[in-house]
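Note that chain A is present in both complexes that follow, paired respectively with chain B and with chain C.
For the complex of A and B:
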């Protein structure tokens, strides 16, 4: 069944939770300007549960709003938890926020989705040749409904990029799960094929590739603002003294920005693909993030470096680190 | 006069001998107006991903260089901008340029850098044969065949561009290209113009922006809609008619450069004051400011819309908080 058929179940669940004050707010989706573009919404009143939308197009990341809600309430708030709709990728983002001590696990109430992927409205439109009104993701194909009828296409032709490499379609630790059980899960594999292509280039070719990408950067900070791993209270890239980064879009500053961003989320990126989805310059930011994932996997033997866990090679000191300390005197 | 579409590359080459030419170039799936250096010109685009603003009002610009200390400071200005020709922008972006020029050059204070740059630039616009799903120029008193803000408009029809010299500067460029051009009777030009002007612009149908006033400021709508804003700068930076900037220095040792760079009212620190006071501390105040400026304050000040309906914010806002959505919502709630 399509995800749309679980929409009423979601509304009922959220209405009850808000009415019984089991959650203080709910982060989900409502109808947007177009049917194929639902938008994030934060509701506080049970009466607004009717406005919630759940379908194959709900794909904007929601973890950011949970961080905002949690920050607003402050530490040790005695309010009921924040309710949130979560696909597998949102679930990893929430785990990231919990692991980074930015959101408390018991401050969350997760309504999870057994995800089969998110339909990219622009791709769907170009495949179908008309505005897409509805979509259903089945085994090995996607059925797009337009005003003129149905169009069938392969998942890789109309799903969001992040879904094509996703191996974690169902969020861990959800209080409720919606969506077909035993549904065909992720369509993709995180095989780092794109990273391998870039690695095969010569250093000069690689430099030219990234210089061309970064030259397009508008420095709009959307990649940072959408990222569940970029959760710092204040961002060092906005410091004015010292000014690590100035406003200039000259290439040196563009490299400074992108290297800082990529290194800062290295080992903490959950692979949700939000940075790349929001980028107005279409910079393949996940290539950088995946390069770190691949290296962490190979160098530290971590199987799934994007899954927040107790063992994060770049997230802790290990006294037995093979590289040792810079000097014996510095050993604590 | 008319120019065979197949001869456009030749015409651009001739112009490039006299000026820096910017033209639409396909790069990794985006079509960008970029400095042309012999690349193949992109032809199948509804609008370019960057607007004319990015060339005439660059995101990063040097204002002055300085060298020395308190006693012996020397300041030098960068050389004046050279001649530029921009081929391939759309009428909506040219209109935005004209409306922005009012802000930057009318009245007591004139942005000299912008004025000089605009005076040395020839804007050759290509009228639209098809509106994209996000286009709504006609609702913003623009037209797919509009001429305002352009020096030359090219109307495409049956393998030809029919050229309309809008300004004197435009007429000069046309005379430069006379060997490439063929004569065209005025009624043929008119036919091409009418065809572009009559294309359907579906997203603009029934869109109404009248009746919005300052009382909108206190409307609860803003707190509902701003909750989803990510406070990024996409809308302002892709917008052809946003013009906010900040001044900053880039220094090393005793020398440095004073620069100006785009700023966005959606950034949290846009209005942050030295004493840590922020008059627009949350996305509510910032989102409201963006739309009030476009839809209410600017029309009050200048008697016309600031938005030109290019659709870039519609296409690029990652959370669907764009001009089409807000205008449509306001029709319902106000």
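For the complex of A and C:
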């Protein structure tokens, strides 16, 4: 069944929870301007549960809205928890916030989705050749409904990239779960092919590649603001003393910005791809985050650095760690 | 340009080992090129990777991060965090396009004055081959 068929169950659940004051607010999705672009919404009144939307296009990350809601209440509030709709990747983002002590676990009420992937609206439109009104993810294929009828395509052609290699489709610790059991599973593995392509270039070519990407950066900070791992109260990139980053968008500053952002989430990135999704300049930010994931795996043997743990790879060491700056043959 | 270009290397040196090693190189009258600008830090673990970018921004042609050998850290484990962090940072800098010879991490103890002089000589020669760094460089 499509996720849409669980929409009423979601609305009923949220209405009851708000009515019984089991949650103080709910973070989910409502209809956007176009059918394939539902947008995040925060509702506080049971009567507005009807406005909630649940379908294959609901893919905007919700974790940072939860952080905002939680911060607003302050520490030690005795209010009921925040309700939130979460796919597997949102679940990892929430776990990140909990591990970072940004949100208390008992301040969350998670309505989880057994996720089969999120349909990328732009891809779906270009595959279908017309406005897409609805989508359903079935075994091995995706069915897109347009005004002229149905179009079937492979998951690789219309799902978001992160969904193709996702190994965590169901959020941990959800109080309620919606969606069909037995998700089709990942159609590929996170093999860092994009990272390897860049590694194969010469240093000058690599620099030119990144200079071309970073030149477009508008410095809107959306990548940081959408990131579940980049949630410090005070950000070094906004400090004026010391001024790590000035306000110019000169290329040198762009490198400082992107280096600092990527390093800050190294070993802590949950791989949700929100940075890249929200980037108005289409900068391939996951290629930066994945470089760290790849190296953390190769150097420290951490095979799933995207899953939040008590101590992250850069917060610890092993006395036998390799010196990653030397090649295999030049160990002293 | 009237003057010939000379490589400029910024060296972040841990106060307990490498800085003392550099001192020993000097008091032992070891010869090494005047290309290095040493910045003393309490521990190699103090060196935020953004410092490295800043050095390249402000005109460094090469950067060295150096501290005590693993196991010899004055703070017991500071350099073991450094080892993890800079294993990644080194690879990441290269991923962004910095040439391998421009950024190095080395362990130099307070007794290794010779090693310090050798390393600076070696880096200076490597960087001379590479030429002035223009990547990530601030526009004047």
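Everything that follows uses one rule, which is that the second predicted complex is superposed on the first by the 312 of 332 C-alpha atoms of A that agree within 3 Å, B and C clash if a C-alpha of one lies under 4 Å from a C-alpha of the other, contacts with A are read in each partner's own complex, and residues count from 1 in each chain.
Keep in mind that, in the parts below, a contact is a pair of C-beta atoms (placed from the backbone, for glycine too) under 8 Å apart; a residue touches a chain by one contact, two chains touch by 3 or more.
None of these values were measured; they are calculated from a predicted model.
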item	value
Clash or fit (per the criteria above) of chain B with chain C on chain A	fit
Which of chain B and chain C A:131 touches, first, second, both or neither	first
Partner chain(s) touched by A:219 [first = chain B, second = chain C, both, neither]	first
Touched partner set for A:40, first chain B, second chain C, both or neither	first
Which superposed partner A:77 touches (first chain B, second chain C, both, neither)	neither
Contacts of A:300 with chain B and chain C, given as first, second, both or neither	second
Touched partner set for A:204, first chain B, second chain C, both or neither	second
Touching partner for A:250 - first (chain B), second (chain C), both, neither	both
Smallest separation of CA atoms, chain C relative to chain B, angstrom	8
Contacts on chain A seen with chain B and repeated with chain C across the two complexes	250
Of all residues in chain C, those that touch chain A in their complex	49-50, 53-54, 57, 70-71, 77, 80-81, 83-92, 94-100, 104-105, 135-139
Of chain B, residues touching chain A in the complex	27-30, 32, 49, 59-60, 133, 227-228, 230-234, 237-238, 246, 248-250, 259, 261-264, 267, 269, 314, 316, 318-322, 324-325, 328
Chain A residues within the chain B interface of the complex	32-33, 37-42, 60, 64-65, 125, 131, 212-213, 216, 218-222, 225-226, 238, 246-250, 277-278, 280-282
List of chain A residues in touch with chain C within their complex	195, 198-199, 203-211, 236, 244, 250-253, 255-256, 259-260, 262-263, 266, 291-292, 295-296, 299-300, 313-314, 316-317, 319, 321-325
